[in-house]
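Some structures are shown below for you to check.
Next come two complexes, and both contain subunit A; in the first it sits with subunit B, in the second with subunit C.
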Partner chain A sequence: MTGPFTALGHALQRIAAMAAKEAAHIRRDPQTLAMALAMPVALLLLFGYGVTFDLEKLPVVAVDQDHTSVARSMVRSFSASRELVIAAELDSVEKGEALMREGRAVAVVVIPEGFSRALARGERTQLQLVVDGADATTALQTINKADAIASTALSLPVTTPGQGAARLVVDTWTLYNPAGRSALLLVPGLMAFILAMVCVLLTALTVAREWERGSMEQLFTTPIRRGELILGKLLPYVGLGILGVLLVLAVGAWVFGVPIRGSLLTLAVAALLFLIGMLAQGLFISVITKNQMVATQVGTLTSMLPIQILSGFIFPVANMPVPLQVVAQVMPATHFIAALRGILLRGNGLREQWQHLLALAAFALVMVVITSAKFRRRLD
Partner chain B sequence: MLPRWLIQLYAVALKEVRHTVRDRRMMALLLIAPAMQLGIFGLAVDFDVDRVPTVVVDHDQTTVSRQHLRRILADGTLVQRMVTASDAAAERAIDTGQMAAALVVPRGFERDLARGKAGHLQVVVDGTDPNRGSIAAAAVARYARIETRVAVQQALRGKISAARIGLALDAAAVPMASPSFPDVVLLPRVLHNPRLATSTYIVPGITALLLLVVTVIVTAMGLARERETGTLEQVMVTPMSPLVLLIGKLLPYVGIGLFDFLLALVVATAGFDVPIRGPLSVAFLGTTAYLTCTLGIGLLISTVSRTQQQAFIGGFLFLLPALLLSGVMTPLWGIPSWLLPVTKINPVKYYVEIVRGVLLKGSTFQDLSFHLGMLVAMGVLVLAFAAWRFQRSLA
Partner chain C sequence: MTDKAIEVQRLRRVFGSFVAVDDVSFDVAKGEIFGYLGANGAGKSTTIRMLCGLLAPSGGQAKVAGCAVGANTLALRSRIGYMSQKFSLYLDLPVEANIEFFGGAYGLYGKALARRRDELIERIGLGELRRVVTADLPGGIRQRLALATALLHQPQIVFLDEPTAGVDPASRRSFWRLIRELAREGTTVFVTTHYMDEAEYCARIGLMVSGQLVALDSPRVLKDKWVPGKVLTVQGRDEKTMKSVLGDQPGVLAIEPFGATVHIRFDPARLDEAAIEQMLANCGSETLLIDKAEVSLEDVFLAVVSKGVNPSTVSHADAGVPA
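So, the complex of A and B:
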């Protein structure tokens, strides 16, 4: 019995043997199992609540220099909103700024002397807002909310002569996320981020460990080829990863109300390609470093912060300078996050997302190939 | 003659430095990678929402509709990337994510305005990113508000007849005596970061994250490696006390951390115009206290793990929440109350506030005394606990 089919059969046998060995490793190491399955769920629960742009009860200091009932009701209307809360009423802006330096207030609203008199005369009146710009996200939300409160302040008991009806009316429809919850944007990003971390973590040490412990030498005495070894090592982790994906999607849907509106098949393919790509990246690091300490450091530096910052998870890719956009386009997390948002929220399928799937497939293929190529069956 | 413990301390520290220096790759990862990453990430962070890709659907096709569209697009928040006559095509463009907003002028827009009725503009936004969506919608709403105000004021002044600007304002109903109408406008004055630039406040935050990533895992795995390779046993037969051994092992990393911080300061000020408004001594004090915490936590992790892999996973499990719940990327103001205790014991949160305070706000020692106190307390506590565990594991 000779021929290409027997050769292929033997290759498959060797891959299966390698996969079985690695699966046994995983099975007998409850820590790895817990990390692959419990960690994504726990982290998603934690961060799904903790990572949010829906800010609430931002502490604002009020400085009322007008001392009238109109000014009082102006201050009250700040506290009435969900986003802002009057944390203190002080008599000078300086005292408010001191609170901001300590980080105990985000803004000072100043109602200047003569505020209600000017309003009664039918004039345009200024309301000052001193904002701590050290956190620009918070500052912007504070300004926007305060602006909304100020512009609706005309319901204050002031005579409003002849305000003609609006000339232009804007009808706004918000698609996919009418309530404007930031969770719908961030949770799919978190899913990708957490899965990526778990993948790199799972595989970054697996080859380096065999080198350090010397069991790599034993593997060399077997007839297994390097590509087969890499595939065999990957397979069990892909299986684990799929379970992780399902768990994470379930938590996203049940706990955070992230819908699954689009094609499940496209979702499955995207997730599978992403898993293979990230696992192979971890394996690649492990293969080239051969040292657990260096592998972990490289793994963390190349995945943890880059995925958080460059993938579009938090900061929009479109705002980045072109060279960094290129980097972002190479990272599988960027494409997986884009695909997840499209499929889960916008009800997309293969027709809209094929480019991202293609990019994910290309990354996975390149990673598996260069990992096999870099892997030397030699003891240096 | 120097006290014996000092000589021992020096010996351990020297051994640890040699260990690190000899491994070129490790040196590069510890000293150069953080500054490089800071430079790259600083360029990438930009929350500003402008140039929202917009598809324009003008069903009215009149001079008036075109004029309004041109003026809405003029402020740059919305950018016209596509023009179509079909609602379905516009919807598809939003479905695929190519466009983030659609601006629709319905048929009869000009006619309504000419007849004195309100002209309707339709905005369809992709709510996937709520921030971008609301800013796009707000840009159009603001335009409409200003248009209305301008029209009313012009009509009030009687300079332009109502008919000419396409308004049928009932002139008789307006008391001509009042030159304007009462209105409250908000006058924001932004301190510390007047342009509200994203990089100005994120770069100090990323500095804190990089210091964390560099120090925790290295210390966590360092001891685990010595235990795995058996060199820890050799050190144990020396007359050194475990405390001296621990401190000696950590000292070089405090040095590396301070050096990284210095380098990050250079990158931040030179590359991203981050100011230094407060006393740098407070920043360095804070950094030292912070490093005590992170190294202590690394050590603690290494005392509870038997292998390098366990140490790595332990380090990771600490790093992820510490990073994401620190207020660097997303503010902590939106966190539900049951999660607040977690952020209160997160050293990264206090350190980020110290660095932002000193650099951006010009905060002084007094302003930040609580933060510094928390860091020192946490550092000493964690280090003491780690030392106690370490001692016990040797016994």
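So, the complex of A and C:
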């Protein structure tokens, strides 16, 4: 053929044809668009507003056995806090526990007899906190908040330097996310989740569909090369994935005030590496299964579920048993989420996050190699 | 330059312990319509897939459009068109989009693609349907569209695997008109079918039974060879009577029921029509109707299947093995 088109030009032209066709499929299937764009935003809003991990106005029962002004002021400080509220003041721990059993209180604060006396002498004093451990998250937060309130309250009446020195005051200063807002933690996780969903599931589906319909056979008889086929097929989904990520970043920033403090370039590199790894994983699944139904199931089981549970999206990796930690370390989502949190919240760049980027690159490389080895242009 | 479009030597394909194509050899001339006949599972699709570079042969060689199969498949792909047995266009896309995509895959773009697209849409008579979603088209039109996409890059050879399966007779006829036009323009057509009437359109026919090519020739020669003699259709006498009268006559080759009538096949060198009519007239009182009949490829196929290979392998051919 004559003309300015070189071999590369021909390849690009075939990739463009493939991409245009794939885009036409997406345009004609509103479900795909909804899954890629509307669902992430819905998830973010849902998590950001509804399923917040920040608890407020937790009902607490106060049991004052000391009956002094210091004890009264301690009870008042509990009432004054935003996080805890004194639901009732009772005279015994048993009565308080009864309220807790009914679910009307999450904890009982007991101010023991002799509390203020011991305090005045500068001795070690104790407040007792009985917590409903049925909901571990709530219990943990209640303990933390009660601790914080008590420490603050105690530092007020005791002002004499000689006496104050006897106590060790733990002063916690939370950096990067001082208000402890869940949205800040969730946005990086959701970005990983969305990319994984768009890349693994949609890709697995679209390639499996070609096998299932028999059009893959037709494609194999055209001069389109394997790489061109894959690239052209994936391009629209890459675009969709990037769009989804930008959407989540924007909603995160505007609605929940999630900052982007770190390097945008590192952010883009991390997202791209993760994207490639996920796309290759989706392709791999579809090449192995060649069936839309099975591909969906395998895709969900190998990407979405582990990302929700194992990647540190919701549950910290460090709290997991060692075998699961190993699994988490192999998963690219774990590294992507960790890197994102560093970049978005701590203002990190390549210098702090290179190990995570390296892990992402390694996964992408391995996946691409395995997939191209498995993806044959032949039917046998 | 050779005048052969396809050269196949001892081609073989094995799936596990199943021999799908067993030492098949044949040539197809340029511009020929070559028909490949056989039951489901006889190895027709497997042969086509090997020739299109979709399946690796287990043995033997094949040269298609000057390219050795299995070597430079990319060069081969731009010279052949393929229409698979399973309808494999994109049903969710309109007619035009399907043609444009496959055109792009074959390396057409811009004005050349638009020109070729319009030309083919015109040719297959889909002018007013060009924006219709493919899923809404009836089967016959879909097949024509599939043929059009296989022709986009003006291939030297088109492979059509059961192109008219499940299509109504009128659509089959118009489809075959397109095929004959193609061949007249010099395109080699390799077509599989199990419709015997369609096979009549082919210049030459290969008959596949259980992976083996058991007969190969023009429909005329095949008929003369496997179903020799002339055939008469007789009405007015039952088969039993005729067998008792004509059964022992030298020159009578076969007496077989054919619908409400009976077919008598005889050797014209030893017997003539008038003699047969005379003998039958004398053995009954009903009105006797005698007419000349054509030997069909169906007769050839039945003759080949029953004589050509042993019956146990014949039944194997219908066992639903990979097509």
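Heads up, the rule we're going with is that the second predicted complex is superposed on the first by the 246 of 380 C-alpha atoms of A that agree within 3 Å, B and C clash if a C-alpha of one lies under 4 Å from a C-alpha of the other, contacts with A are read in each partner's own complex, and residues count from 1 in each chain.
The rule is simple: a contact is a pair of C-beta atoms (placed from the backbone, for glycine too) under 8 Å apart; a residue touches a chain by one contact, two chains touch by 3 or more.
Note that this is a predicted model, so its numbers are computed, not measured.
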| query | Is A:F47 contacted by the first partner subunit B, the second partner subunit C, both or neither? | reply | first
| query | Is A:G103 touching the first partner subunit B, the second partner subunit C, both, or neither of them? | reply | first
| said: After the superposition on A, what does A:R124 contact: first (subunit B), second (subunit C), both or neither? | reply: first
| field | Most subunit A residues touched (candidates subunit B, subunit C) | value | B
| said: Tell me the contact category for A:I26 with respect to subunit B and subunit C: first, second, both or neither. | reply: neither
| task | Pick one for A:A16: touches subunit B only (first), subunit C only (second), both, or neither. | result | second
| message | Per the contact definition, I'd like the list of subunit A residues that touch subunit C in the complex. | response | 1, 10, 13-14, 16-18, 20-21, 24-25, 28-29, 213-215, 217-225, 377-380
| request: Provide the residue numbers of subunit B that touch subunit A in the complex, in ascending order. | output: 23, 25-26, 29, 33, 37, 40-41, 43-48, 51, 68, 94-97, 113, 118-134, 137-138, 140-141, 143-145, 147-148, 151-152, 155-156, 167, 169-170, 173-175, 178, 180-194, 196-198, 200-201, 206, 209-210, 213, 217-218, 221-222, 225, 308-310, 312-313, 315-317, 319-321, 323-325, 327, 329-331, 333-336, 339, 342-343, 353, 356-357, 360-364, 367-368, 370-371
| subunit B partner contacts - residues on subunit A that touch it in the complex | 31, 35, 39, 43, 46-47, 49-58, 74, 97-98, 100-103, 106, 118-140, 143-144, 146-147, 150-151, 153-154, 158-178, 180-182, 184-186, 197, 201, 205, 209, 289, 292-294, 296-298, 300-301, 304-306, 308-310, 314-316, 318-321, 324, 327-328, 338, 341-342, 345-348, 352
| request: Flag every residue of subunit C that touches subunit A in the complex, lowest number first. | output: 49, 52-56, 73-74, 77-78, 80-82, 84, 86-93, 97, 100-107, 109, 149
